[in-house]
Each structure stands twice: as structure tokens, then as C-alpha cells.
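Take a look at the structures listed below.
Presented sequentially are two complexes of chain A, the first with chain B as partner and the second with chain C.
== the complex of A and B ==
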């Protein structure tokens, strides 16, 4: 009797696993296959398999520049995000007040708000008539007419806003796992705040911080809404280019090839970062 | 090695006084235990000596020098934490070397000193292990070695043995005492365990509600507790509630609630009619055929403790009492047996029921 329920239970688990795998793999198969087919006319896909789409992309410096810009914007936004998220998460994690729990809940709820809504708020704030630009202009007596929308800066700010709540939440958990008594011990045994950070906190927080940074980077690489709305059509990233290939040129095979190259780039960056990890930790250990 | 002085040291958080006007002089080489229930301010006092908590008022002196403005790293003290706080990213050897490295001591000197500390704490075989690979007792030794490596002026220990099981705890108490005496380092040790305080302390400081309740050698505190709190907290005591009937030459005649009258030693000023609590140590009670200063009881349970036999008895008119007899006692009463417990008036301490 028990053996029988056990089988039913296992079958349910395995069934779900197979269904998940199919949902993931089947579309991937058609998507990869499409990237290998020729685009004979707009919206018409041929049936000879070749690497021509990839050859075309790799040979064109224009694509390289778009990939470069996407990676650059994503990395810069991660760096800016870390500079904001790390101190915030540290303060929250070390605050022994019940309000912290509510702040985290608030952060979690805010991350469920649609990106479109958040970007709208941001574009009102950063627009030419917005308070930020006006204040900067007034403070510099009209000499500093900075533009924060429809350029790389606007997109970078949008990406930071997009990933910040998640980064803070991940780092909050990471920092909470390091007991404050370790910092006390370092201080009592003779380390300055900087040395405590360098020798104790950094080596312990580094793996979790890297994870947070990679997750944010991956989100940035695939970000479409923030990039397209804040870039205002002037900033071209890989996701925007893919969207154009599909909507404007109806070149599905080329779009599929670009998407696969984007995925491979992200995977490569992640693997490289994870491989660099042990060396970086060993470096901090020597003090 | 240095003396430590606390002068009217206080800490307030919002409206709560965590530590109030603590005055304490600790001699060079002395081991003083701060003892008290949780929340009595003992750990906060220790952390103020370390510089991890800023006092609201008052001063800390180490070796005569006022250290209040100094950050922890400039005070040259060693500290062992309740959770050991070993750096998980460093092997034992490097944990011990930490304080020396931060003081920019020469490499050869560090190596020599780390070897010495490994020997002192008997941790040589584990020098290259990481903290996660060590048992609680071993981590404790490493924490002690790390705190002593740079020859600090003072050693602070914050409930360092709390997480260990009873047997290991006793071993480590002997170990701490041995190392402290061999180095002659001034030590402040915080615990809530009175047994531990008795084993380790040259002097015990009993704290309650942010104040020093009493200060003295373990013998003094045990024999002459100044308050009911101390009598209860240091060692075990039986309590007898009653009312003052008569006072003469420091001896009080007390009418107990169950109608008996006993004689006890008065400790504080009291007058006839005051409600009082009399305390008597379990080992000061004896089974006797007496009528003077005697309490009839009924035997309930016995527990053999190795060195003694503990009897739980019930006094007439209610209330359990504990009697401690030597293990060599020939006749141990059986449950249900009626006995008479007698004691000397000087061994029974009488306190006013209302504190102060």
C-alpha cells in the first residue's frame, strides 16, 4: 500500500520534471533551428541549414559595436548599482530594529511594480523640464545643461533602478550571514575599519556580492523596456536590435541568431567571472 | 599587564539605564568575574572596557591611562567572544597571527609568537585547519590564543564557555585558570554561571539591574551575602518567610508563617514587626533530635550527588527545603519519614522582605 502511494508520488514528480524540460527544450530547438535557416524574403524563411546568419553578424562591425555597448552599459550599471546597494544593504543588515523587516517587504513589493510604470516616473524626473535637470541648471547658473534622457546615461540610470531592489535584497541576506561579532573581533584585535573590511568582510562577502552582480548583469543584458523607453530610440542595445529585426524587418532567422549570440555572451561572461573568483579570494587573504 | 579602573561608568539607551554608576578597581594580574542574570549589564560593562560600546558617562582607565577616546584597536586588549568570532576565511595559524599582523610585527617574530600560542593552548596539530573544521572547545582555544598573541594589557572574556557542554566547560575553566595564572594577565570574565564564577574568580562582582550588587572573594560572597539577591544567586539557599518578633545583639527572633519560631543573624537594619526572609544553606542543616532552632519536616526524595546526598524535604505548613548531607552519612532517611532539622542561628541570615 505504502509502496503504491510512493510510486504515484514519484510519477507525479517525474511527470512535472519532464513537462518542465519539454517546455524549455522544445521552443529552444525551434528557435535555434530558425537561427540556422535563410531569410529569403521579409517574413519568408527558407529551409537550407547553414551558419550564414552568424557569419553575417560576426563579419559586421556594426553588430560588434552594439554588443560592446550593451555589455558596457550593463557592466557600468552593475558597478553603479553595487555602489548604492552595498552600503544600503549593510546598513539594513546591521540595524537591529524591527522596521528593517518592513523596509525589506516594501522593497520586495516595489520590485513587483511593472517596469513601464517605474520608467515613466523616472522619465518625468529626468526629463528636460524635470526637477533634476532644472536643479542642476540652476545650481550652475544655466551653464550645465545636462541631458539625462534618451542617451546612455538615461539607460544606465534606468538599468540601475531596474536591478537595485533585487541587489539590495540579495546583499542584505549575504551580509546578515556574517555575524557582527567578527567585525568586533577584528576591531579589538587591532584592525582599522578599512582593514576589517579588507581582511574579514570582503573575503566573506565576495562570493555573494559576485552572485548579486552577475544576476544584475544578466538582467541588464536582457533589459528591453527600460532601455527602449529611456534610450528614446537613440540608444541601440542587443534586445532593442532583436525587437527591430522582428518588427521592422521581419527577419526572424537573423533575430534568432542575435538572441542566441546574446545568450552565449551572457553565459561566457558568467563563466569567466566565476572562474576568476577563487583567485580574487586568495588575493584578499594575503592581506 | 595593567590594572583596570571603572569610574562611575554608565550606559543609557533611550530611557533605560543598562549600566549605572559602576565603580570598580581591578588589580594587575587579577581575575575578576562579572556575574549576574541576563540583562544585568555585565556584557555592556565589558564592551565599554573594550571600546565597542561608548559610555554615556564615566571613565575607563587601563594602567592609569584614560582610554575613553581611544578606538578598540588602540586599547591593546585581548577579547574572547561568546560565539568565538573566529575569522572563517583564515586557518587557525592566521587567526592567531591576526593581531600581530595588524600591528605590523616582523614576520619571524609573528611565526615565533604563533608557535608559542599554539603550544600554550595545545593546538599545534590543528594549526592549518579552518575554524569550521574544529570542535567548540578547539575553537575556544584558538580564540584565546588569538586574543593573547600580541601580549595585550588586559584580557576580556564574554561568556566564552556558554556554548560548551558541562564536562568540556569544566575542562576549559581549568585551562583558562592555568593560562591566566601562568601569564599573570589582568582578566575580566563575564558569566551568568555562579559555579563558573566560583571556580575562576579572584574576586566576583555580582551585578543586578545595571548596578554592582556586591563585590568580594567567592568565600565572602558565599558566607556573607549582603542581600537576598546575592544569597539566592551565589550558591543555593533555603528561604523561610516570617516576621521579626524580637531583636538582640544581631540575633533576630523570627516567627515563621507555619507558627514556628527560629533565631537568625540579622544583616540589615530591621525593627519588630518587619516582614523578613531567612536564608539557610543546604549544608548548614543537620538532622538532629533538637527542639531549639529546629524545623520538623517530612522526607520526600533523595539524590545521590557523589560527594554529597541531597534530600528534598517538606516543612510542616508547606514549602520544600533542600538538605545536603555528606555522602558518608550512615543513616539516610527514607521517603515519608518524619525528621527534625536543626541549625545554628549564625548560619541563618535574615533579610528584610522589601529590598533596601
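== the complex of A and C ==
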């Protein structure tokens, strides 16, 4: 071969790189620069470079609490999502029936529909007049009046629903790569189901599971639609705060600084998780 | 199978509630009086939004699949064989929260307007460019995942059998890439079509993609017509997936589902 063919592929790569670099790096450059400038008046940006916006954010415990809440909600939703996604993906991967095909079609339909439409459905389902709250109330003779909307619970439920299809699909692919004969072998040697799960499945599935968890975590940290609508203005997360800075306060530099800190937080959590388990890096390519 | 109920019951409820004639300023389920009122009285802005969203998603998915495929093939087969640094570069946008992407492009478009008078905020090109930012990683990842060591062996076998490089690409490489191209296009389309957090910053009065239109209605002034347009989206999505499943098969949309 192939010297010439390789040049063709190199040219393809260079083309893709130029297009992507223009999109990935140029807007980000001006954005980071903006975060270093002062906000002189609403919508008016000065031109002295400083770290003042960052200093202001880091010094204010209010911002710390919003970041803490965002991370907490994201992590809790990932945990709940894994608890739901893992058994579902396992059943899908191990069922031989043609029904699996149709279950996957349902999963794809659910992931195809816009988040905003799913959120509309959730708010009908979970609202104070909705079937879930009324059923819980009726079952407990009116003693159990839960609120499932406009609070952290509502936002968490929304985040789980947002990430669940993708988590199931990633885990489904991961579990399919583990031959069922391994589990049979463990069972033949007298391992209990739990022991088989812990000693055989978990070590093999751990990298893919971590990849799924990180992808879901990243989605949750940036989740906007569900947080705004299901939180009903009462739950403040970093993405919502950024939007308010722009729409209500027209404070672009401060919003840019917050956005950069949010991105850095996400990157830091990903690096920390991947460092804890280097083998998982290969798995993130599924994203 | 609780997961399936959790995912699908809310969608069923939207469709059910859209037939409630008495749906007033707030949500109610189950419906009290059945009628098609909210389908007849569907404001035209939702149809405009649906057309705009489809056009944006089509362009963003096509362009990002092209760029992503060039990137994945170039990385795997060019001189810099499987450089991890390049792979990381094309995955970079996945680390950027969507809201941040929206803010970044809004500010960038303002700047372009100030300097060169290019009006991108609220324009079709503006939406597509910003959507490319988060679509390219999906496409590059999907195509990259089908370029395996096996494919290289198959290509080598083709060369040994005397095929020209072009023929190897056309008859061996391209068919192997097809599932990656399909699933890359599919995911890019899905993410772009449903996007709120990026588009909400780039929308102006006249040009509002459908998800942003629904979002703003839910946030500010509820209108039962969102139930009917949402139901239409749900049914169209379901038809589209079933159609894809019938025509091209699940393997092409979901490379993991080899059944």
C-alpha cells in the first residue's frame, strides 16, 4: 500500500480537525476571555483582564451551596438510575425472546422524544392532581400527602428519566459482551447468585458501568430543561443560575465564569473517577 | 420492567390528556370530556417550530456524521494511528454542559455581529453551527466504534487478493462503517431535535425550535395545545423508529443490539 492511501486518510483527518477546531476552540476562547472581564453595567463589558469574577464566586458561600446541590442531585440521580438501568439491561441482554427487539424499540422511542415532552408527561403524572399523588393519598387514607414536584425529589426523578434510556443502552451493550456461560460456570462451581454477580459479573462490567455512570453524571450536571420545569423555580442548580445571570441580570462575564467553573467541576469529577479505575477509559468511547 | 413503565407512562399520559376538552390553564389527568379541540385549535407557531427543528436536526446530523466519519476514519487509518490525544479532542464537547454551550455560542455570535455584522442569533445557520458542537462527538464515537482490528484484517485480505485501494474502501471498509454512520446520524439527530438548553439562548421572536417553544409555554403561560403538539411528536417519533426498525433493522441504529 499504501503511502498514497494513507495521505488520503490524513487529508480526511485534517479536514475534520480544522472544522472541529473552529467550532470547539474559537468560541470557547472568546468565552473564557469574557469571564476575565468586568461587568461594568448590565450588558456592558469592560476591558481590564482580572480574576475578579472567579474571586467573587469562590468567596461567596451561596455559590458553593448551589454547586453542592447540583453535584448532590446529579450523583443521587446517577445512583438511582443505575439501580433501575442495571437489572433492566441485564434482563434485555439475557432474554432470548424476540420481545427484546420490541423492548429496544420502545427504549429508542423514549430516547427519541424530546426531554421537554417527557417532562410535560412527568409533571402530569406527579402533580398534586396527578394519579401518583392521589393514589398514595387514597392508599394512606389521606395521611400521606407527598409533594413530587417543584422540589429536589421532582428534579431527581426528572434527571433519572432523562438519563435512563442511554444508561440502559450502554449497559445492555456491555452485558451482552459477557458470555452467559461464565455465569453458568460459576453456578456449576457452587457460587450463589450474589457471589456470581460480585465476583464474576461486577469485575467484568465495572468499566462499562463506570462509563455509563459518568456519561449520566455529565448529562445531569448540565441538565437544564427538567431542572427548570420540575423544580418550578424552587430548585436552583448551576445551569439554571447561569441562565438567570444571562436572561435576568445580563451579567455575561459572571455567567461565563460560572459556566467555566461548572465545566471544570465536571472534568475534575471525570478525571478523578477515571484515575480510580484506569481500565474504564476504554469504555467511555461508547459515549 | 419498572424502567419501561417509568419511561413510557408519562408519554402515554401526554397523549391521553391531549384529548381532554376541558383542559384549562393547568394539567389534568385522566381527561374529563374527550374531544379533538386542542388538535383543531393548534396554533401555527408549533408547526413552524416542528419544521424548524426538523430542518436543524437534519442539517446538524448530516454535517456532523460527515465530519465525525472523516475524523474517525482519519484517526484510525492515517499516519497518526489511533492517537489517543486526537480521540480525546473529538470527545471534548461531551465534557461541556449543554447550557454552557448555549452561552458560549450566544456570546460568540454577539461578537461576530459586532465585528463583521454577521447575524447568527436566531438564524438557521446559527442553530446548526451550535448543534454541530455537541453532535460531532456522537458521530465520531459511533463511527470509531465500528473500526475494529477485524476490519483491518479483512481489508488486508482484500489487498492480498489483489483489490485496488479504492475497491477495498468501497467494498470492504464502507459496508463495515455503515452501522456506525447510521447510529451516529441517528443519535446526532435525536440530540439536536430535542435540544432546549443550547437553542433557548439562540432563539429570537420569530425563529423558535419546537422544544424551546414547548419549554417556554410550560415555563410561562400554559396552553393546552402543547399537549396535542407533544402527542404529535410522540406519535411521529414512534412511527419513525418502527419504520427504521422495519427498513434498516435495529443493528444499524444500535450496534450493540446484534440479534
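Operating definition for what follows: the second predicted complex is superposed on the first by the 264 of 287 C-alpha atoms of A that agree within 3 Å, B and C clash if a C-alpha of one lies under 4 Å from a C-alpha of the other, contacts with A are read in each partner's own complex, and residues count from 1 in each chain.
Methods note: a contact is a pair of C-beta atoms (placed from the backbone, for glycine too) under 8 Å apart; a residue touches a chain by one contact, two chains touch by 3 or more.
Nothing here was measured: the structure is a model prediction, and the numbers come from that model.
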If chain A is used to align the two complexes, do chain B and chain C fit next to each other or clash? fit
Give the label of whichever partner, chain B or chain C, reaches more residues of chain A. C
Check whether A:103 is in contact with chain B, with chain C, with both or with neither, and answer first, second, both or neither. second
Would you sort A:61 into first (chain B), second (chain C), both or neither based on which partner it touches? neither
Contact-wise, after the overlay, does A:185 reach chain B, chain C, both or neither (first, second, both, neither)? first
How wide is the angle at the Cα centre of chain A, looking out to the Cα centres of chain B and chain C, in steps of 10 degrees? 80
With both complexes overlaid on chain A, what's the closest CA-to-CA approach of chain B to chain C, in Å? 16
What is the shared patch of chain A, the residues that chain B and chain C both contact? 285, 287
Which stretch or stretches of chain A touch chain C in the complex? 1-2, 4-6, 9-17, 19-20, 23-24, 26-28, 30-31, 34, 84-85, 87-88, 91, 100-101, 103-125, 127, 129-131, 160-161, 164-165, 168-169, 172-173, 176, 215, 218, 221-225, 228-229, 238-239, 242-243, 246, 252, 255-256, 259-260, 262-263, 266-267, 270, 284-287
Okay, in this complex, where on chain B does chain A touch? 50-52, 71-73, 75, 77-79, 81-83, 85-90, 94, 98-99, 101-103, 146-147, 150, 156
Per the touch rule above, chain C residues touching chain A in the complex are 1-4, 6-14, 17, 26-30, 67-68, 70-71, 73-75, 77-80, 86-87, 89-100, 103-108, 111, 129, 132-133, 136-138, 140-141, 144-145, 159, 165, 190, 193-194, 196-197, 200-201, 210-211, 214-215, 218-219, 226-227, 230, 233-234, 237-238, 240-242, 245, 250, 253-259
Help me check something: in the complex, which residues belonging to chain A touch chain B? 179, 181-182, 184-192, 195, 199-200, 203-204, 281, 285, 287
